[in-house]
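Take a look at these structures.
You will see subunit A twice below: alongside subunit B first, and alongside subunit C after that.
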Partner chain A sequence: MKDVTLRMAWRNLWRHWRRTWLTVGAMIFSNGLLIFAMSLQFGSYDMMIDNSLQAYSGHLQLQHPRYLDEPKMRYALDDVTELAERLRRELDLDSISARADGFALASSNERSYGLQIIGVDPAHEPLVSTLPGLVKQGRYLEPGMPGEIVIGAVLARNLKVGLGDELTFIGSGFDDSFAAGIVTVVGIFESGIADLDRALAQVDLAYFQDVFAMQGRGHSLTVRAQHVDDVESLQWQIGELLDTDKSLSLRHWDELQPGLRQSIQADMASNSFMYIVLIVLVAFSVLNTQLMSVLERTREFGTMMALGLQPARLSRLVMLETGLMTALGLVLGIGVGLVINLYMARVGFSYPGMDEVALKFNLPERIYPSFTILSMTLGPAAVAIGSLLAALYPALRLYLLTPIDAMRAV
Partner chain B sequence: MTGLGSHFKIILTLSWRNLWRNHRRTAIMLGAISVGVWAMIFMTSLMRGMVDDMLNQGIRNLPGHIQIQHPDFLDDPSVVNSIGEPGGELLTALTQNGTRSWANRIRVPAVIASERESRGINLIGIEPAAEADITGLPAQISAGRFLESNQDKGVIIGAKLAERLETRLGKRVVIMSQDPDNNIAERGFRIVGIYQAELAAQEEFNVFAARATLQKLLKIEGLVSQIVLVDHDYRDVESLYRRVEAATPDGLEVKPWYEIDTYLAAMFNLMDGFVLVWVIIIFLALSFGLVNTLVMAIFERVREIGLIQALGMRPGLILYQILLESLLLLLIGLALGNLLALVTIKPLESGLDLSAVAEGMAMMGVGSVIYPSLTLYDVLLANVVVVLLGILTSILPAWRASQLDPVRALNTH
Partner chain C sequence: MSAIRCRQLCKTFKQGDEIITGLDHIDLDIETGEFVCLSGPSGSGKTTLLNAIGGLDTPDSGEIHMGDIRVDKLERGPLADMRLHHIGFVFQAYNLIPVLSAQENVEFVMEVQGVPVAERARKALDILKEVGLEGMEDRRPAQLSGGQQQRVAVARAIVSHPDLVLADEPTANLDSVSAAHLMGLFQELNENHRITFIISTHDKRVMSYAKRLIKMRDGKIIGDEAQ
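Let's turn to the complex of A and B:
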């Protein structure tokens, strides 16, 4: 029985092959476009998140509860080095590094600039941040070598210093004492992120604690998860471990860089609008086709009803036709999308002027699609649902059909 | 010979009536076209509004449409790379009619310290009289007053910076920078005003003082960092740029905004491309339905077309009749779509509030309220693309109809 309906639906589709193909064509076009756009979009979000977080802020940071809103020297954590050691041991994760932040006025022979000076643990910092790997001249800090500093490329240029030059810096310490030191530039990094390259410098944590009278304190423990998907479980684990300690707050990257998630949301909102418009237009196409095909078969349907077919069965037939058409559009559309994605994965996507814009969002000059089940099927699934919903009206109209009137219809 | 002209009325009547023979199909297609056109115009106006805002703010921050400075200044914004205040030919060119406004500026890196905290800042020396037109700063003062003269001894800081420094209006702060001989230049300032910028990063970073006061502090009397000019429209600064460049003495660099901030320039240039791509994508999605409608309309009328051909209507007229039918459909759809766009954009003109993602918008350099910008160019573009490409896609089905063989057509069932 079912087989008959299916066969009828399939044959009905090809009674007007041109119309069917045009409708399927609209689906293939939209599906291909949606897959292409979504894959690139997800790909660029992943890259944006990774590049932005890996450079410096990490996935999670343990801070003093007030430090996030008021990043001041006095909102510090006690014994950060020991705390970091304990977490590394208990979580069996090496990518946890302690930092202390301060502000200082640095002077070379010729120039003075205000800079953000960070005390880091040279042994673990490279595991949480890509900055140490971005040292383009000289080398990164080494454990047990106080009195060394690594600075950003723009800052080096502005201060007119090179490798081996000395910098003096002055600031105020934890106890509001006068903090000053002389350091040698051993490395210059170039991250491409203007804020970091212009105003960031790193020194050894122990040295920092000494100069700024921190007495073992620091401002953050930066944690980098193996993968961005592991962040939530890691957050929970750390939360469990430090449950009793109310003097600590664990900050998710959402809190550390609120702009990141929000700019993704803003972008998603405007893209979703475009996707929905495409889907609605396909739905119109399907509605048109199916309504026409039902109307022109009024007599035929009347006859079938007179022969004893229930309206429900006819409705199912119409929905089945739509389903077949949708399935065809889905499969071919995913095929087209796959081909575009494979091509894009090889050459990367770029358009003139994109490099400038990409830089602003920490993206490379070419973006590559993200091949996930979601990016490959979300668009086509939405198109399919939209199409089936659109076919409901022509299908349900059949319930109003009376055989006599229908058979009289022209 | 009777051309199209004399038959136009008949063809028009035929097309109009044919259009409404299957009113359901026509209505659905009109729905699709109007939604498509609405989406084209609506989305474009939002994007335009956003980019306009981004450019206006970005250019205000630079600031100015055109800057004159030492060739090394942009790369190394140090007091060493100062230039003389304009004089002679340049001054004439600046004060001449046609320049909307211009001002000298000093910009040096500095450190600001309150009793509790210190921060690295961008210390900017301004000429208060010209500032309203250049950065709009006077309107952003949320507490206290704006600077009153070039000699004003006060300083204006952002609300965010005040919070960071744990200081407030009326308090004193110390600002440290260096003079051209690399000596520390240091001075106490009273905070006379607090400003609130749309982008938080500026509030934290830019501190304003009067131009002459800073010249004295930095020991650069007669020197400034930049001369900034504002023209009437940022889209068209070429003539001012050329005029000023011709009058600028050798050794100074003159740059328009799009060379200073390449991100803004890229966004500006990408917009037109984006609008075109968006309009075409929507059209393509529509075109399947359009062709479908025509193919069906013709299919139903094969016999009829055969008949009128047999009665003597030439194939050319059949082609025109079907194209006209398609044109009428497009035009009605466009009218509805444009109307829909107008009706939905008007209420948003007071601003679409996106403060939920404010910091994300700030990352793109946009404020949290979008004002849609409906431009004639974009509306025309959408309409012209739909009509032209619509007619183009209709040609094939219409041509096929005109080539029907009357005998065969009449025998079709």
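Let's turn to the complex of A and C:
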């Protein structure tokens, strides 16, 4: 270090090494904790997004431009099966499935209920949705088996039907014709999502197109990315492929499920409060350390002013000392956070009872931290800024000091 | 620069309800290269006068001129610049920066002045040699005796060849041998570098080195004679 001021700042830190280490320790602890907590939080959001979207809506959907706002039978895509096949081929991605949606009145021998009936491609639907994996009784739909239906557990209970029972349904077709069919219940799913379990049923897409006079049409192509982080690039690729086709609209998951984004934002806001409390505590620790340090060295600062140092330069010295201390806390804190994250990325994080919930709802048994630049740097950057802000008061005290008063200080 | 001119300098302090007179209408002229001692009992106003001349404290009234500069009218920034470039201070308690070595203490002022790294290192080593501290450059103040610390303080004060050195009771914490060495050093620097020295003291031995002795009492100059 050629710079005497820098050397002086560094050595000043270690004049009271216990006090400095306590403050740096608080920074290391908070930086490590913030990195771990934020990474885990972002990881849990990824899981939450994946689980919510995989249950039904997928990460992206191709729809008729008006279908999202007005989900009517007539806003359909032509030749939806061929379009799905083309996208699977060109994107080299299997997790793309065609669907057609309709509403019908379903009747068993005893009761009738309204339901949302979805025509799905049984070969590809399990690749975009976790619903097929949630069939707790019977089995899921199989390709080439028309006249079968899987329904939610609550709907089955309401209709008083079980496996092998027949349901008749009537609805309105694409051309406003009368759509009716008789299907056999082959599977009953339990998603844990009340709306799905109460009112959703799935049948084979070809069968649906036949009964509802769709003539090869469908209402959506549901796309599931390998990972939620890949959604934007996948969206861009599909957009490039279908650039000129104005009859298609590509919907991002936050358009399909706006409530999900809002619930994540609400969770982030409540967690941010805790983070801010932690950062403020660290900032007070820095304020205490630097204020003590300045008060103890007032005479020394007076000498420096007598020698000709501008008050602003003395303030900068205090900020430099804080900066060095912060940098130490930052580097070591990021190191600690990184080690914890690397470990957690290997073993995952779980809490008591999580495995039972996971098993019941076909969810992962563990949460894994999400390594992003944001999760690794946001917390430490906030601690660093908080610490530097906390040092402004001692620095300001020095700025306002006169040499004679400083040199008279005890 | 360096000729000091004080006119009708007044300074009072408040101590509880009592007003204490620090300087009482001081008129004083000091020429370049003079070696002046301010003597007088405690509370006579020696330190107050040094602080006012050095721009560490502001007088209540009166004028202080240092060459063409009206010191008492300067703002904080220019005042600090004036101290940095034109005045060297030596304090009774040495006032070295404890975390810096002898060489770094001397270099520090030059760094603030913007002297290049190599030049300030060379100058610091030269001046430490001149004040008799060769081989002790890397020692921290706590590893030096009182006399050695005061030598470092002197080296720090004169390394940039200031026009004026203000020394406030510089020998008060030194034994007689160290005090004699220090005063000899001051005398040598005064003669060799034509630096103006103003030294406050109530030590008769120190006064014997002065070419001009100013006696103070109750904030007034009561005697001013060449020796």
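By definition in this document, the second predicted complex is superposed on the first by the 274 of 410 C-alpha atoms of A that agree within 3 Å, B and C clash if a C-alpha of one lies under 4 Å from a C-alpha of the other, contacts with A are read in each partner's own complex, and residues count from 1 in each chain.
Simple rule for what comes next: a contact is a pair of C-beta atoms (placed from the backbone, for glycine too) under 8 Å apart; a residue touches a chain by one contact, two chains touch by 3 or more.
This is a predicted model, so every value here is computed, not measured.
Within the superposed three-chain model, A:288 lies in touch with subunit B and out of touch with subunit C [touch as defined at top]. Once the two complexes are overlaid on the shared chain, A:182 sits clear of subunit B and of subunit C alike.
Greater residue coverage of subunit A by touch, when subunit B is weighed against subunit C, goes to B. When both complexes are overlaid on chain A, the residue A:29 reaches subunit B alone and has no touch with subunit C.
With both structures placed on the common chain, the touch criterion links A:304 to subunit C but leaves subunit B unconnected.
Touch criterion met: A:12 reaches subunit C, while subunit B stays clear of it. In the superposition on chain A, A:396 makes contact with neither subunit B nor subunit C. In the superposition on chain A, A:266 contacts subunit B only, with no contact to subunit C. For the contact definition in use here, the subunit B contact set and the subunit C contact set of subunit A share no residue. Interface of subunit A with subunit B (complex): residues 16, 18-19, 22-23, 25-26, 29-30, 33, 70-72, 103, 105, 109-116, 157-158, 171-172, 199, 258-267, 269-270, 273-274, 277-278, 280-282, 284-285, 287-289, 291-292, 295-296, 351, 353-357, 359-361.
Listing the residues of subunit B that touch subunit A in their complex gives 22, 24-25, 28-29, 31-32, 35-36, 39, 43, 46-47, 75-78, 109-111, 117-121, 163-164, 176-178, 182, 184, 262-263, 265-267, 269-270, 273, 278, 281-282, 284-286, 288-289, 291-293, 295-296, 299-300, 354, 356-365. By the touch criterion given at the top, residues 2-5, 7-8, 11-12, 15, 299-300, 303-311, 313, 402-404, 407 of subunit A touch subunit C in their complex. Contact residues on subunit C toward subunit A in their complex (touch as defined above): 51, 54, 56-57, 76-77, 80-85, 87, 89, 91, 95, 97-100, 104, 107-109, 111-113, 117, 156.
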